[in-house]
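Below are two complexes that have chain A in common, paired first with chain B and then with chain C.
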Partner chain A sequence: MTKPTLAVETLSICSGCEIAILDLHQALPGVLDAIDLKYIQVLMDFREPPKEGVTVGFVSGGVRNEEQVELLHKMRERSTILVAFGACSAFGGIPGLANLHTKDELLQEVYIDTVSTVNPKGVIPHKVVPPLLEEVHPISDFVKVDYVLPGCPPPPKLIAELVTCLLEGKEFRLEPKTVCDQCPLIKDEKSVTNFIRWGTKKIDPERCLLEQGFQCLGPVTQGGCEARCPTALAPCRGCFGPTENVHDQAAKMIGAIGSVVVQDPTKAPAPEQIVKEIPDLIGTYLRFSLAASTFKKALHTNVVKTKKGVKA
Partner chain B sequence: MSQKGKTIKIAPVSRVEGHGAVTIQLDQQGNVADAHFHVMDVRGFEMFMQNRPVEEAQRIATRMCGICPVSHHLASAHAADALYGVDPPRTAKMLRELMHHGQMIHSHTLHFFYLAAPDLLLPNTGPEERHVVTLLKKNPDLVGKIIRLRQVGQNLIEATGGRAIHPVTAQPGGISQPLSEEKRDDLLKQVNEAQSLATELLPVVRPLLDKVELLDELQTGYLGLVTPKGELEVYQGNLRMIDSTGKKLAEFPVKDYLKYIGEHVTDYSYLKFPFYRPWGWPKGIYRVGPLGRINVADDMSTPLAREEYTTIKAKFDKPWNHTFLYHWARLTEILNSVEKAHQLLTDSHITDTDVTREFTIKGGQGIGVIEAPRGTLIHHYTANPDGILTKVNLIVSTVGNNGGMDQGVKNMAQRHIKHGKIPHQTRQNRSTDREQHRNGGTSL
Partner chain C sequence: MTNKSWEPKIVCFACRWCSYAGADMAGTSRIQYPPNARVIRVNCSGRVDPNFILRALKLNADGVLIAGCHFGDCHYVSGNYQTSRRVALLKEYLKEIGIEPERLRLEWISAAEGQKFAETMKAFVNEIKLLGPNPLANGGPE
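For the complex of A and B:
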């Protein structure tokens, strides 16, 4: 019997997703025994996925340029099961924050306006290199996706579970839990009177970070990571994306904020005060999912892109 | 100049991080007229990190590189400390440094043993089989050791950084969590094991490491951090720039980097090309990473690494312009980081619980530096009075080698392609094209 095959296509990446596969460590040889790894540019010298068909295709990275659109379609055509592997592929990821700027602004900043750049002729790279798209896309903007494995990067344990499920012909599904559901920190009472910037106050190592007034996206983020960031006393920034049935982490988070504020109206902060205390709402609440959020549509209608960012 | 002939394009370049391509322009006689290394992707961190709070930058910058996220996390923390004017407690600095040595162990093991070693250890294998999975089938014991060595590196990062990939704990003024004594004891055992593994693995590959003729020499400057005594340093210190003869050109704190470093832009690569500013482009091309660091340093600071360094020095006069010696320098640095991690873990202050300093949000400038596995990494932030980034400049380790990679690709193409004949892929040219550009990868 021929073994099922695995191919990994990498679009606009940092390589963290591929390292996550290697971080199976001692379990890696077993996985490679069960599934034939046929294509992964970071590790092997094949220049494209096998033509004769791929059982499981992982795609990591968002779609940033024209060449990546072609690579993505090729991978879809050749794969029986296509997995959006990691936050960038699934929701655009952190590089999706570039959608707050136009493509031309981005090129101008990187190649002309940065302080150490010496570019008197204003050269912008354009030969051989693929042209950028106007914005960053999750892969689902272009192709049908069979499974999503979120995370930045996906934890190795979930990678092994996914591969096992697919090999056994089972459906893979993350449990309908939030990061909060898996977090060991103690949730106590609705007592926040003001929100504070990360690091500006000592952390209580026992208590819920959000209830201490720090921004933490645990309540609105899909679980499965075993709450690895809050466990290390660093707030969740939402890399698993929204929970099922929630389309937009930002909209949901605004609700979650209301639920931790002290309920006594004489002590409760005014809404305008709260807004002031969260200086970068988009970059905090949509850090990984801007490119897939409803806000993205607003970017094109109600929100004006300005020279240096976005004005609501 | 002769008329143009055929163009050869190799894309994608594999077994490197990110997306690269090589183009070789032949003249009408079929000889190499020009050749370039192209980085094919740009994400624009210098743009979209703007408008983010300074204290969030540590957790955004990591995504520039999934192999060296610790370097970005910590260079960003260094810049944020400077900007907010907050000096982390001693233990916080020690834990950050421990995290960084974990990354050196992981990344260097990956780079040499997973990516480069198949070329050296499987010389007669075809390209479709020349990778770590084949090595695993042929020599599971060896690969088992390699896997474990890299795992110890990742475990050090996870214990201090919360996660092995894209760590989260460094913040302006410190680190979010202390290290428990229980975890310390476990890590110390692992580091001892890593030292044994590294000293077992080195003799396996050492006979291959002096084959410097496999790659051309390249006359460039070098840049890297040094300790106050001039020893190799990867975490903090002054930057030292030397020329290709070993003459010291400058030694400076990173806050003065704009006097010494500029970045050139070409129309054929998304990756910029840094240069020694007083010499201009292209005369001021320099290289970074293990070879750069070991070239600028006068010595190593730990016993095993010093022994290895002395062995190399007995064979080759410094500075080492041989690109192939990147490998040996990299393996020497694995020893250095294992020994440094051991020193940190046996210091009683490592488990102190005072690991943060509170700070007040303000505006200003902050510049941070660290030696990422592939070279000097600089983060330069400007913020408004609300602590929101208004300008971000990043000189990543990848760019530090861009000039060298571009030139190296051309040299190798000229050496191997004559009258339109492209040699069959031999061990020689394979290992060559890899190492030339593996020292780079993704753009910003």
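For the complex of A and C:
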């Protein structure tokens, strides 16, 4: 019997997810015995996925340009099972934050306005390179996705579990639990009086980070990572995306912030104070999932733009 | 985009203990106010998940009004305090995403304040009329 084949397509991404596959370490030879790794750009010199016979296709990275749409459709046609691999392909990831700006604003900033750019004629590349789409998309905007393995990058343990499940013909599903469910830190009383940025205060290594006032996205983020960040006393950044019941991580997190503050109204900070203490709301709460959130992007309305201009 | 036949669509989440009764009071006292709101009764203004508000705006509501008990009057002690924090943060969210934060409004209306309910509704409808339709309506901004 021929071995099942695996192809990994790289779209708009940093390649960290591919490195995570190599991070399987001792499990890697076992995986390579069982499957035939046909295509992975960080290891092999191919430009396109194999023409046919891909059993499992991993797609890492969101969709930013027209070439990537084409590659994604090719992957879908050629693979039996398609996996959205990593936060970018599942929710747009960090590149998805570009959706706060229009395509023209981004090109202007990168090719003309940046201080280090030397571009006297003000040329924006438009030949040879594939045209950008208006916004970043998760791959599920274009094709049917069979499995989702989120994470930035996905933990090697889950990659091995996914591959094993697929080889044995079992369903792979992350348990509908949040990061908090797996977090070992002690959750006690909701008594936050002010929110602080990480690194500005000594951390109590035993207590819940959110209750200490750090912006930890544990309550609104899909578990499965075994709470690797909070365990290391770094607040969860939400790379596993929303859980099944959370449609928009930011909305749910705003809900959580409302209730972790100390209940006694004489001690609680004013709402305006809380707003000030969270300087980059969307960049913090939708760091990985803006492109898959309720609005998916900033709406570039004239009304708001002029208002912003006046306020600034 | 604004045409003469356009009327703002407003989703109003009213707390069962105070504001919904306040709306009833407006009705039984026969106070006139614009019929633009779809009033949804919730047990507490603190029960209004920020996702409900975003979803209402996503589905082309032109404004969302949350009405709860005055501070200190909450049937569940602190639900309205929680709402006040959430609404402040949500306004910031909406501002960053490009929706006028004025489309979201929080008011404290007690069961005896039928008059205030009617006046709030009038003022909010007028404000939304000035802002125009939800930027997401008609397939989003041009």
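By our rule, the second predicted complex is superposed on the first by the 297 of 312 C-alpha atoms of A that agree within 3 Å, B and C clash if a C-alpha of one lies under 4 Å from a C-alpha of the other, contacts with A are read in each partner's own complex, and residues count from 1 in each chain.
As a working rule, a residue touches a chain if its C-beta (ideal position, glycine included) is under 8 Å from a C-beta of that chain, and two chains touch if they have at least 3 such contacts.
In this text the structure is predicted, and so the values were computed from the model without any measurement.
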* **Contacts of A:E109 with chain B and chain C, given as first, second, both or neither** => first
* Structure fact -> The chain contacting more residues of chain A, comparing chain B with chain C, is B
* After lining up the shared chain so the two structures overlap, which partner does A:F295 touch, if you call chain B first and chain C second: first, second, both or neither? -> second
* Can A:L281 be said to touch chain B (first), chain C (second), both, or neither? -> second
* Of the two partner chains, chain B (first) and chain C (second), which one does A:I254 touch, if any: first, second, both, or neither? -> second
* Once the structures are superposed on A, label A:Q263 by its partner contacts, choosing first (chain B), second (chain C), both or neither. => second
* To do: For A:P271, select first, second, both or neither according to whether it touches chain B, chain C, the two together, or no partner.
  => second
* State whether A:L100 touches chain B only (first), chain C only (second), both chains, or neither. => both
* In the superposed arrangement, does A:A34 touch chain B (first), chain C (second), both or neither? -> neither
* Which residues would you name on chain A as touching chain B in one complex and chain C in the other? -> 100, 308
* Contacting residues of chain A [partner chain C, same complex] -> 100, 246-248, 250-252, 254-255, 257-259, 261, 263, 265, 268, 271-272, 274-275, 278, 281-282, 285, 294-295, 297-304, 307-308
* Touching residues (chain side chain B, partner chain A) in the complex -> 9, 11-12, 14-19, 21, 23, 36, 38-44, 46-48, 50-53, 55-56, 59-60, 63-67, 69, 110, 114-115, 127-128, 130-133, 136, 140, 143-144, 147-148, 150-151, 154, 161-166, 168-169, 171-174, 176-177, 257-258, 261-270, 272, 274, 277, 281, 356, 358-361, 380, 386-388, 390-395, 441-442, 444
* To do: Give every residue of chain C touching chain A within the complex, in rising order.
  => 46, 49-51, 53-55, 58, 71-72, 77-78, 81-93, 95-100, 131-132, 135-136, 140-141
* Hey, which residues of chain A end up touching chain B in the complex? -> 10, 12-20, 22-23, 25-26, 28-29, 32, 37, 41-47, 64-65, 67, 93-95, 97-98, 100-101, 105-107, 109-112, 114-119, 123-130, 132, 152-153, 197-203, 205, 228-229, 231-234, 237, 279-280, 283-284, 287, 308-310
